[in-house]
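What follows is subunit A paired twice: with subunit B in the first complex and subunit C in the second.
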Partner chain A sequence: MPKITVDGASYEVAEGRTILQALDDQGVLMNGVDIPHYCWHPKLSIDGSCRLCQVEIEGIPKLQIACNTPVRDGMVIHTRNERVEKAREGVMELLLINHPLDCPICDKAGECKLQDYAFEYGVPHARTREPRRAGKKRVDLGPTIVFDQERCILCRRCVRFCREVPGTGELSVFSRGDQSVIETFPGEPLDNDYSMNVADICPVGALTTKDFRFKIRVWFLEDVPGICTGCAKGCNVHLGVANNRVYRYVPRRNDAVNGTWICDEGRLSYARIGADDRIAGHEVRQPDGRALPVSIDVALEEAAERLRGVIDRKGAGAVGILASPHATNEDLFVARRLLEALGSSQAGVAVRTGRSDALLIQPEKAANAEGCRRLGFGPAEALLERARGGAVAALLVLGHDALATQGPELLETLRGLDVVLLADSHRSELERVAQVVFATRVVAEKHGTLTNHAGRVQRVVPAVEPSFDAHAEGEIMWRLGRALGLPGFDGAWDLQAVSKALAETVPAFAGIDLASVPPDGVPRADR
Partner chain B sequence: MVISDAVRSAIDAEIAKYPEKRGALLAALHLVQREHGWIAPETAKAIAEIFEIRAIEVMEVVTFYNMFLDRPQGRHQVRVCTNLPCSLRGARELVHTLEQHLGVEAGETTPDGRIHLGHEECLGACAWAPMMRIDDTYYENLDAEQAKKILDSLK
Partner chain C sequence: MQKAPFITSYLTEHTADDAFATLAGYRAHGGYEAARRALTQMSPEQVVELLKDAGLQGRGGAGFSTGMKWSFMPKDSDKPKYLVCNADESEPGSFKDRLLLERAPHQMLEGILIGAFATGADKTFVYVRGEYAHPANVLQRALDECYAAGIFGANCLGTDLRHDVVVTRGAGAYICGEETGLLESLEGKKGQPRKKPPFPAQFGAFGMPTTVNNVETFSHVPHVVAKGADWFRGFGTEKSPGTTIFGVSGHVKRPGLYELPLGTRLDEIVFEHAGGPPDGRKVKGVIPGGMSMPILPASQLDVPMANEFLRERKTMLGTGGVMVMHDATCMVRVGCIITYFFRDESCGQCTQCREGTGWLHKIMQRIERGAGSPADLDLLLDVASKMEGQTICAFADAAAWPVQGLLRHFREDFEEHVKQGKCPFPESFEL
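What follows is the complex of A and B.
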């Protein structure tokens, strides 16, 4: 393995990598070794067009671009000396010659590499008097992206992205020299399942998403690490949060899951968190059919009362749980324990499925379908069949995915039961057939872990607080178990303790508790 | 059919000359443009199909080179070289004169569709500066009167 020295520090790197790639492999690029760059991107082919990553290599007379210079054993690289910085200053001056400097109205301001590097390497005055190149400011590239020609520095990241990642190739550089401009083929817009990633990788404010544009200045956003819940892939994201509201998802790099990308559908799914159709409080259905808003304690008492009735009449084995594939592993573990305490085996889960692709999009449209399986929740069909056969008299329904998979027939089945308790985050037809409705937190509002399609266990933390009383499914079921006086359900709700018990008792989660899950998750162990 | 059989077989003959198909793209664009006058989007698509590349890659090449047209222009392409030697010999004034004579600006087409006037980069005829290209013919050692007469003679 070649050994290279960068600013005095030695690294043993893989053969055949370029300097930037090798430093990225080591995890030090822009994280100790700062080599500014625009066109290079760890997940795209090398372009070598921006010239900003020039470094000095001992024994080579001219500066070399770090993105495209392969490492060699014994290479001694300097990234910070006067010569390198002078070169960067020159590149920045050229890149800024035609830049409109419209930062006050630019949505990228605050997370713009042109701003950052101009601040670091730019000269504070322009030496040109010629007018700046004028271009179109709002080119509608497609359903998701707006393009500003003047801000573009032609790094071609977006062009390479479209060709190399979704493979759709909608973008290209048309014309040449100072006339060069990013365009789509006439009449064929930028429209693919991953199109909004081009706004993330655009190092300047040229490409912005229609969804996020002008919603908020990015410096007001706090980036909370989280997981996209759109499908079973479990793409790592940052939730952009301000004013207790999620404004956007952007991909968070995890080479073992999503690399640096997320799909558009997943990216836009943040809107579900603060949607108008959230169940904004607990409800008990009155005999006249109206829903009465109640406190969690009243809802729990009502639910326990009804369950006790069923247990007395038909036995605890007639109480079932239709789990939600959106619930965390910890929530589901509590569900499992509740069933165990009741002595019931009536468990199932409905997972909505849909379109998938070879890149990120998984057929299962829930973040924790695999977690459900690992915790013993089988297909909902079997459970509902038993319910129709009379073996289930009371059902605790988590979420409303079963509505999508079972259709209106589900409502019929539920109407046939003695007791239906619903714990859900968003409004649906299910509320009409439930006697008690608990408002639940969505993933972005709670602590926990999720198991992705490949068995990787990933951690989530609350990014926002619901503005109404809502609880994790796990907590609701814990308190329900306590209200029923079930063994093992004593004491206050303690997520840490639940997590510990999960790690200790379920082999698939052995050693994985909340505290131990690193930011990039725990891969499936061969056990 | 967007590309005629004759042009198609001429393109195939060009492709045969290169180790990679794509090498013949410029030749193909010349052939197609001679037939159509310009490279329309649907023409680019037909060419892309022949070369097994994306249509947008054809457009990259079309827009990169001045001699390919991505929109219909006048019947005659009049291009005055305005690189350094020609400019030293009065090419910019010549363009200005021709603009006034035709009543259009460089980069525009006369309303009757007869002439598209434009600048051109060096055409390698510096010894006979100033010069212009009209379609495939060079006109050299120009002065304003001569050039106007030449334009007037175009049908």
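What follows is the complex of A and C.
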């Protein structure tokens, strides 16, 4: 392995990498070793055009671009001396001579690399007296993205992204020299499943998403690490949070899952968190059919009462759980323990499926479908078949995915049961057939782990607090077990203890508890 | 177009003769005998060594040793290998390759055949400047003759060497003459130079090992093979052997082509051969090697035209395009023209080139208008220094150097503009 020295520090790096790649592999790029760069992106082909990443290499007379220069054993690199700084200053000045400097009205301000680098490496005053190059300010590139020609620094990241990632190639540089401009071909808008990533990788405010534009200044946002729940991929995201509200998802790099990308559908799914159709409190259905808002304790008492009735009449084995693939592993583990305590085997899960591709998008449209399987939840069809056959008299339904997979027939089946309890986050027809409804937290509102399609266990933490009383499914089931006086369900709800028990008792989760899952998750290939 | 230079040597000896462009006419002067000798009596290594001994340097502008370049072609590669003949000739002030294409196409083709043998190349692409329709047609006709005569194709000159030549027409941009810009254009893409590494010898046309040489470079090759390294070194200087074809343009009595040994003095070319400036005028400055090369003032024309001497005067031979300007010429207007050209032709990938070329042009125009300030002179130099030596290809250097040359030798022209608030050269050419 070649050994290189950068500003006096040595690194053992992989053969065949360029300087920037090698430093990125080490995790030190812009995190100890600052080599500013615009056109280079870890997940795109090397362009070598912005010329900002120039460094001095001993023995080579000219400065070299770090993004495209392969490492050699014994290479001695300087990133901070006067020559390098002068070259950077030159690039920064030239990038700024035609820049509109409209930061006050630019949505990228605060996370703009031109702003950042100009501050860090630029010259403080302008020496141009000529008018700046005028360009189009609000070009509608397609359904998701707006383009500002004047702000573009022509790094071509967006062009390479469209060619290399979705492979759709909508964007190109048209014309040449200082007339160069990013455009789409006539009648071919920027429209693909991943289009909004171009706004993330655009170093400046040239590409912005229609969804996030002008919603909030980014410096008000806190980036909370999380997982997209749009499908079984479990893409790592940052939830942009302010005022207890999620304003956006942006990709959080995880080379083992999503690299630096997320799909548009997943990105926009943040809107479900604070949506108007959230179930905003617990309810008990009155004999006249109306829903009565109640406290969690009243809802639990009512639910326990009804379950006891079924257990008395038909036995505990007639109580089943239709689980949710949106619940965490910890939630599902409690469901499993509840069934075990009851001595029931009536369990299943419904997973909505849809379009998939070879890049990220998985057919299963939930974040924890694999976790369900690993915790022993089989297909919902079998459970519902048994319910129709009379073997199930009470069903605790988590989430409403079964509505999508089973259709209205599900409602028929549920109406035929003695007791239906619902724990869900969003309104659906299911509420009408449930006697008790518990408001649950969504993934962005709780602690837990999720298992993605490939078996990687990933951690989530609360990014926002619901403005109403809502609880994790696990907690609801725990408290229900306690209300029923089931063995093992004593004491207060303790997620840490549940997590420990999961790690200790379920082989598929051996050694994985909340505290031990690193930010990029733990791979678990075996089922 | 001239049929032959005013002064000829081995390259252009027969170009006045229309028949020389035909296979029969070329053969009448021993055509393809050098190739036959190389293919039948020499090894590829011997050819490469011969070229190294002769010291032939590329005539496309950079002056790199041709023998060395050929030796970089991988020998053990199982991929097809390509030669490219760069006939894009678009450097302003350069018009020598056109003569060689139109009047001596077989001479160049013979050089290509020898190059193919020496490098093991399977195919040559001749990339002809888009506007050169006639030269391309002449070349195609010559090539058709070669195929009919079995010079190219499956058994070149009856040997088991297989080599094909394809004539392609350029896409009409200066940057398509830069070798990797050419390769992109050849592949049907936008003419934008490639970052290096990888270098063309590893990853060239269509990703295959490729060597690019200029029209004139190939044209010298048969002579070196036929007559030997010592003979070749009988022309030119010790470090720059051989002749080259100087294209003299601008304010001289006899503009045109002159084939002369490298190392011929610039003042000899301008005054003796090209007849000097029009009567009543004096020479003010001369660009020695095409527009990208820094200008020299009248006082510095006593320089031998070879890189080892020109470099001492901070300029280079380039393509040998000698551009002469007389004393009514406004050097700021010259600067405007040059910076406009580079602004217009920059491919726009590199920050310094895309933004710097435009800025230089704007500052030049401002000074020419009389709106410049004293600080603008150093600003020009500062912008030029920011463009130099930092980009994907040498275009940005080629845009920066002439500006530096103008300010080095004609700073007073610039200062007068600023002082008077207008152009002090009413008799200069119009912009």
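Criterion: the second predicted complex is superposed on the first by the 524 of 527 C-alpha atoms of A that agree within 3 Å, B and C clash if a C-alpha of one lies under 4 Å from a C-alpha of the other, contacts with A are read in each partner's own complex, and residues count from 1 in each chain.
Quick note on the criterion: a contact is a pair of C-beta atoms (placed from the backbone, for glycine too) under 8 Å apart; a residue touches a chain by one contact, two chains touch by 3 or more.
Source: prediction; values computed, not measured.
Colleague: Report the partner of subunit A that touches more of its residues: subunit B or subunit C.
Modeller: Counting residues of subunit A touched by each partner, the higher count goes to C.
Colleague: Considering only the touch criterion stated at the top, classify A:R290 as touching first (subunit B), second (subunit C), both, or neither.
Modeller: neither
Colleague: Going by the contact rule set out at the top, does A:P186 touch subunit B (first), subunit C (second), both, or neither?
Modeller: first
Colleague: Contact-wise, after the overlay, does A:K62 reach subunit B, subunit C, both or neither (first, second, both, neither)?
Modeller: second
Colleague: Tell me which partner A:D178 touches in the superposition: subunit B (first), subunit C (second), both or neither.
Modeller: Touch status of A:D178: second partner only.
Colleague: Go through the superposed model and pick first if A:E170 touches only subunit B, second if only subunit C, both, or neither.
Modeller: First partner only, subunit B.
Colleague: Per the contact definition in the header, classify A:H125: touching subunit B only (first), subunit C only (second), both, or neither.
Modeller: Neither partner.
Colleague: For subunit A, which residues belong to both interfaces, subunit B and subunit C?
Modeller: Touching subunit B in the first complex and subunit C in the second, residues 173, 175-176 of subunit A appear in both lists.
Colleague: Where on subunit A is subunit B touching in the complex?
Modeller: 169-176, 183-188
Colleague: Considering only the defined contacts, which subunit C positions touch subunit A in the complex?
Modeller: Per the stated touch rule, the residues are 173, 175, 190, 195, 197, 343-352, 354-359, 362, 366, 379, 383, 385-386, 389-392.
Colleague: Taking the touch rule as given, give the residues of subunit B at its contact with subunit A in the complex, in rising order.
Modeller: Counting only subunit B, the residues touching subunit A are 41, 44, 54-57, 59-60, 63-64.
Colleague: Once bound in the complex, which stretches of subunit A touch subunit C?
Modeller: Interface residues on subunit A, with respect to subunit C: 46-52, 54, 62-63, 65, 68, 70, 87, 90-91, 93-95, 97-98, 127-130, 133, 153-154, 156, 173, 175-180.
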